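Labels for the chains are A, B, C and D, by order of writing; each one numbers its residues from 1.
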Amino acid sequence: MAEMVKDIVGRCEALFEDLHFDAVKQWKAAVPGRKAIGYMPVYVPREIVHAAGMLPVGIFGGGDQMEVIQGDAYYQSYICRIPRSTLELGLTGRLDCLDGMLFPSICDVIRNLSGMWQILFKDKYVRYVDVPQNYLDSVGGEFYIHEMQVLRDDLGKLAGKPVTDDALRASIAVYNENRRAVQDLYAYRAQKPWQAPTSEVYLVIRAGMVLPPEEHTKLVRDYIAAAELENRPKRDNARVVLTGSFCEQPPLGLIKSIEMSGCYVVDDDFGLVMRWLLDEVPATGDPLLELSKAFLHRSNQQASKYDEKKEDKGKLLVHSVKFYGAEGVIFAAPSFCDPALLERPMLQDVLAKQKIPYTAFKYAENTGQMAPIREQAGTFADSIKLWSAA
Amino acid sequence: MSTPIQMMPSQPSKKPAPKVQKEDAMWLQKEMINANYHELATAHERGKKVSATFVPGNLNELVMCFDFARSLPETNALQNGMRKKSGKMIMDAERDGQSEDVCTYVKADLGMMLGGEIGPTGEKLPTPDLLLLSYTGCFTFMKWFELVRQKYNCETVMLHTPYQGDGKISQSMRDYVVKQLKESVIPTLERVSGVKFDIDRLRQYMKESARAEDDLVKVLQSAKNRPSPIDGYFGAVYYIGPMFTAFRGTPEATQYYDVLRKEIDARVRDKKGPITPEGELTEEKYRLVVEGPPNWTSFRDFWKMFADEGAVVVASTYAKVGGVYDLGFRHDPDHPLESLAEYCLGCYTNMNFPQRIDMICRYIEEYEADGLLINSIKSCNSFSAGQLLMLREVEKRTGKPAAFIESDLVDPRYFSAANIKNRLESYFQMIKQKRSVAGAAVAAH
Amino acid sequence: MRCFIGIDLGSTTTKAVVIDAQQNVVGRGITNSRSNYDTAAQIAKQEALVNTRFHLFREALAKSGALNGSLEDFLAQLERDFRLEQFLVQLSDLETTSIRNTEGSRFGDASKAVASALTEIFKRLTTEAPELFAPGAKRKSDFFRDIAGSRYLAIGDEVAKQGGVRYDMLCNVFDRSIIEVENRVYGDAISANLLAALDRTFVAMPETASRGDAVREPIKSVLDTALEETYTVGTGYGRARLPFSKEHIRSEILCHGLGAHMMHPGTATVLDIGGQDTKAIQVDKHGIVESFQMNDRCAAGCGRYLGYIADEMNMGLHELGPLAMKSTKKIRINSTCTVFAGAELRDRLSLGDKREDIMAGLHRAIILRAMSILARSGGIRNEFTFTGGVAKNEAAVKALKDLVRENYGELTLNINPESIFTGALGGATFAYRAVVEEGKTVEAR
Amino acid sequence: MITTIGIDIGSGAVKTVLFRQDGDKVEWLAKRVERIRQRSPMELARWTYDEVLEEVKLRPEDIQYTATTGEGENVTFATGHFYSMTTHARGGVYLCPEAKAVVDVGALNGRAIFIDERGKVLASKMTSQCASGSGQFLENIARYLGVAIEEIGPLSQTSKDPEKPSSICAVLAETDVINMVSRGIATPDILKGIHLSMASRLAKLLKVTGIKTGTVLLTGGLALDTGLLAALQEELVNEKITGIQAVSHPDSICAGAIGAALWGAFRHEKLRQLEQRAAA
């Protein structure tokens, strides 16, 4: 019998709420000697971790259910929340199941956190994963391949055996599958947002942070199938693209509030790691070269990545609005997030030129008060709905 | 990056101003800075192109090879901060859609543009012909120039400096930067300026740089004396100005540092303390190491809080944002591009956390400081995110007390004098109390 | 008698402590901080000196044996009577002031009606006053502003309904007049009030009246003893505004550290939650501060937060703790922003959460923030002393106990009933040391 | 003919209005404004609803649409809910047809709404969390200074030398005010200072929404505060946004409720058309 949406989402929710990462522990316990490597948003080449026989684990902050004490001790009030809760996870031993942590190049906060992690967790593997902002294969590409090679060598050492090209190619194929499933999920939601509400889609995506990719791919496919069987009422909601939440994630309550106030989210940038590379990475040829090419030429656009030309700014966002048939854009950025908040005016400028309506607000992963958010999102939806015909 | 300042605050104070004391070198510096603003303002009428770039890891020598006039937006912002103009600029930028949460240097700059590009000296600054986006040590730089590009459609060229994530500069990082210089930066500079690249010209500038760098290091290290003849934070801001900005590599800068070093040598011989805006400091009661940029909008008041208590800053990390010369780096005319790459990669905020902590601990020891003071800047995640760990580690490793205050670079709303004074006073009284107990314990034996 | 006085001018309350030449605490006084710091300091000091006299009465009467057995009852009664006398004096001042404030054109035609309503209110207030000071009576607070205020408003509501005057007007007169009244110092009235109180006490406790002279004698002699203000040290947030020279001022960090040490000599870590700031202080075994941390510029989660909550719920500050203690369900509150506390509260109430549970969540949220500041300062070491006004709040204490146990295991947690006076005690001890150990004399103001 | 009720549940007050619409003729039949003051907003909503019905002698079944706004999403007897900015925009146009923007200043938040002549929201902006410029803050300070709410405006306007509180946080601003009092700053100067700092926030909001010329209507409770209105006008001049004229209306506090009632009618009509179409 096919699984029900309720069961699938229930499982995802349990994984999401488990701040002790039992799923990771279980995976490790199943075969002695297995290792798990954590990574922070936005993007790391998980293929390399996977090819080393390890489980890549997405560490996306602590959400709104965790009390943060130690983490707050290290950060001033004007710094976003995700590094605090991540530190809290580490300092309270919740990340002991990880054998290493990867800190992608996304902003100064995460960058500095990589050094703090080196000091606080001396016996763990810690690496800052730099990515190029120069998109020439011979310049940025070479640098990036070298960065990936270092990671590959390090993980090989950690695993006790080198990471082979074949293993890498196999992992690329696995992640191609996963990416396709996730893209299908996004396409399905955009088509029938009432059948696959974002509060569920989000949980399904988050499950991919702790599950092995093969298992996650199946879960995503199961969810799509199960959602199709549901009979859910279609509401008179406005279709929006949500952007700005690529790093610190909003609380689930916020996502629900946006939907409750009359919006269907048809595209978003949660858990971007899964959709960072835009299409298939060839699973033949030199794997690091292919990964590098995909990054340089066919990857997502987001605030921490340089846009070479002025004309490129906002291209993908506008494309997403058109592609998914959205009626407006909601900018939802974490408070004190320099990349997202500095990017915002530029994107708004682009949207205004295209006459795409937008609204904007800030949140923190532990925002408790939803009234102002409902009000802004609701007003936005109202204005789209009341005037769409006019 | 929180950038060096280039001029004595010319703020008319309300009381009939007590004679502001300055060293000769400070006057010299002031002239240089004003001249540069004038040159910048008239660049276009004189047929010169203008290039804007950031302070940390700036390629001044290289840019000079193409006859560009150099504009440093961070310096403009801080100059506007000192002249109390930044508050309005920031508000203007916020009204234009910028968030309250983000770096105020960016907003001060954007605000200045909205207000007609009137620079700190009152002259209208030209729109840059080229944005040289070398974003060493801070991601905000990238957004900054993207924002400027969005408004002015300027030609932009990126120089990506990888971060010293594991505390060292690898060959791959060096190659990457050199390659970018060769394949994108230099060709763009050539194209925009119409001047052909001449590597010998570059070598010549770098020779000048290296000489001046030697003198600067001597000046900064003079603070190891007791009493220290300089203030290594507030005073250093004036000393690093030319070096970190549009002057490095020019003969004027070399001459400036020569004059400066001689002045400081004389002060050391005479066992004199540093000159503060309130006059010469006669009694050195506390020696501190400071981490983090200063506040510009209340620079003098801030300095006074230290001077009034007899506190001298003997070393600061901020005096290294434009190059950590005291750890040995010099521009090297024999390997010009490699040395530029090395320079970019080695800037203070491009160092990782363990390195930054090591450096501070070393300063505390070598400069015989009583403790560490962190001025945490709301704007600057690059500096500030993680400073509290720094504080704890330094305390642990040196056994010296550390204190923490908060302000902002150029946003006057975030400078709360009462709050900062309260903390500083408590900190100094604590050091004093500890000392007297230690003294009593010694006496008792 | 030589008195060493510490005054802690806080943002919400002003406290004074008197110690004698043997470093015994002989008097404590407290008042609400108000717009006039000087007055607040004077009143607190005066209260402390009155309290000192009571202390001396106790000693003198105990020595003379005039009240064998009923000494404590007698003194308690005397104190209540004294407070009542004081209250009546201030009340009549308030009445005169209020009536004056209704005159003129403010209320136009209504001013007559307002005046007669006022007369009625004050008549009732005066009549019921003794009840307020009866043994075991519950009062909203001990400050005149609060006691008189809450009763005035309650009676005013009734009178307004009966008399056809608008309630708003009555509130307005009160708000205006109370400021004037509370900024007056009734210096000369103390002896007179005491003697008047003594008469009341004899009436209330007739059995003591028979020994009237034997009782009166020692009291008179105490009243005749001059309390010499040998040395005063000021501290607290408002210390800079005290009319003292720098020699007489210490940072509140040092005072809290030392005060906590004086109360509990084993103290290693001190947490102080006051109205606008939270401090974590580490002290050595002599009470010398080793390091400290304070909340950053955001005042979220400090005592004033509870004040806003109390206002929102229309409750007294000391009622919040008991309400929260009734909680049976854990609710997580994430925001400790003081300003939006009310909104969050309403949000929760509308979601159907119970008041007591929300209250418990709020208290835990405050303590969570304090725990972070403690962690910042280096963690909690044994023994741990909790000081400041919030230490009076049992729910805050419970949350603290829970969190300390969860994070640090079993530790000795000191909470002194007089914790609010810690800073002032530290100040008084500094005053003592200045004279006795450093041979200082009072500097001319 | 459509009869509708609009209920605006705020954090400071509950506002309820009753409207009747007949073709183009719009009639405002009843209103109630109740300060909440420790009472239950939900009960007040019901009570004021009953009161307005009573006033025009109607029964619940005579009402075609009851629309809530503000914090009224959970009102059980309502037909539908509209969000505050939507309703303030519509209410604003009703009260002041030439308004190009509405600035709503309530107990906790400020909102600037840029509208077109039909009350459509073109752009909007709310004050962020950290706000000392809220009505509640002003109320607290007024209490501290011994000034009644109605007196704030007139007093503020007598100020010669206003003193702005420096802090961005209400708690710290409170200390600032305390310090001002002890420095002997006169009450009107303090009030005006607060007004100016609130006004500069509002001006900033307005600027962000992009309005350059025309009339701006203040709505919400603080619209009654003439001092704030004057300060806003001054700030606009300071900011060289001289094309804007800030005005208030005696019924400004009801704007949200009015908007709700009018949108209710609009929606009712639309729903009816949809039904007819479905039936056909």
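Of note:
Note that a residue touches a chain if its C-beta (ideal position, glycine included) is under 8 Å from a C-beta of that chain, and two chains touch if they have at least 3 such contacts.
What you are looking at is a predicted structure, and each value in this text was computed from that prediction instead of being measured.
More contacting C-beta pairs link the chains of A-B than the other of the two pairs B-C and A-B. Each chain gets a centre from the mean of its Cα atoms; for chain B and chain C, those two points are 48 Å apart.
For the pair chain A and chain B, the distance between mean C-alpha positions equals 36 Å. Mean C-alpha positions place chain C and chain D at a centre distance of 39 Å. With centres set at the average Cα position, the gap from chain A to chain C is 52 Å.
Shown for chain C are the residues that touch two or more other chains, namely 237, 296-298, 300, 340, 343, 376. Looking at chain A, residues 73-74, 76, 362, 371 sit in touch with two or more other chains.
Within chain D, contacts with two or more other chains are made by residues 71, 128-130, 172. Under the stated contact rule, the graph of chain-to-chain touches is complete, every pair of chains being in contact. Within the complex formed with chain A, the chain B residues making contact are 96-99, 101-103, 106, 133, 135, 138-140, 142-144, 146-147, 149-150, 153, 156, 158, 160, 162-163, 165-166, 172-173, 175-176, 179-180, 183-184, 352-357, 376, 378, 381-382, 384-389, 393, 406. For chain C in complex with chain A, the touching residues are 296-298, 300, 332-335, 340, 343-344, 347, 368-369, 371-376, 403, 407. Residues 71, 73, 81-86, 109, 118, 120-121, 124, 126, 128-129, 263, 266 of chain D are the ones touching chain A in the complex. In the complex of the two chains, the chain D residues touching chain C come out as 11, 38, 41-42, 71, 74, 108, 129-132, 134, 136-137, 140, 143, 145-148, 150-151, 169-172, 174-175, 178-179, 181-182. Partner chain B is touched in their complex by these residues of chain A: 73-76, 78-79, 83, 103, 105-109, 111-116, 118-120, 127-130, 132-134, 136, 138-140, 142-143, 146-147, 303-304, 306-308, 310, 313, 333, 335-339, 341-346, 348-349, 362.
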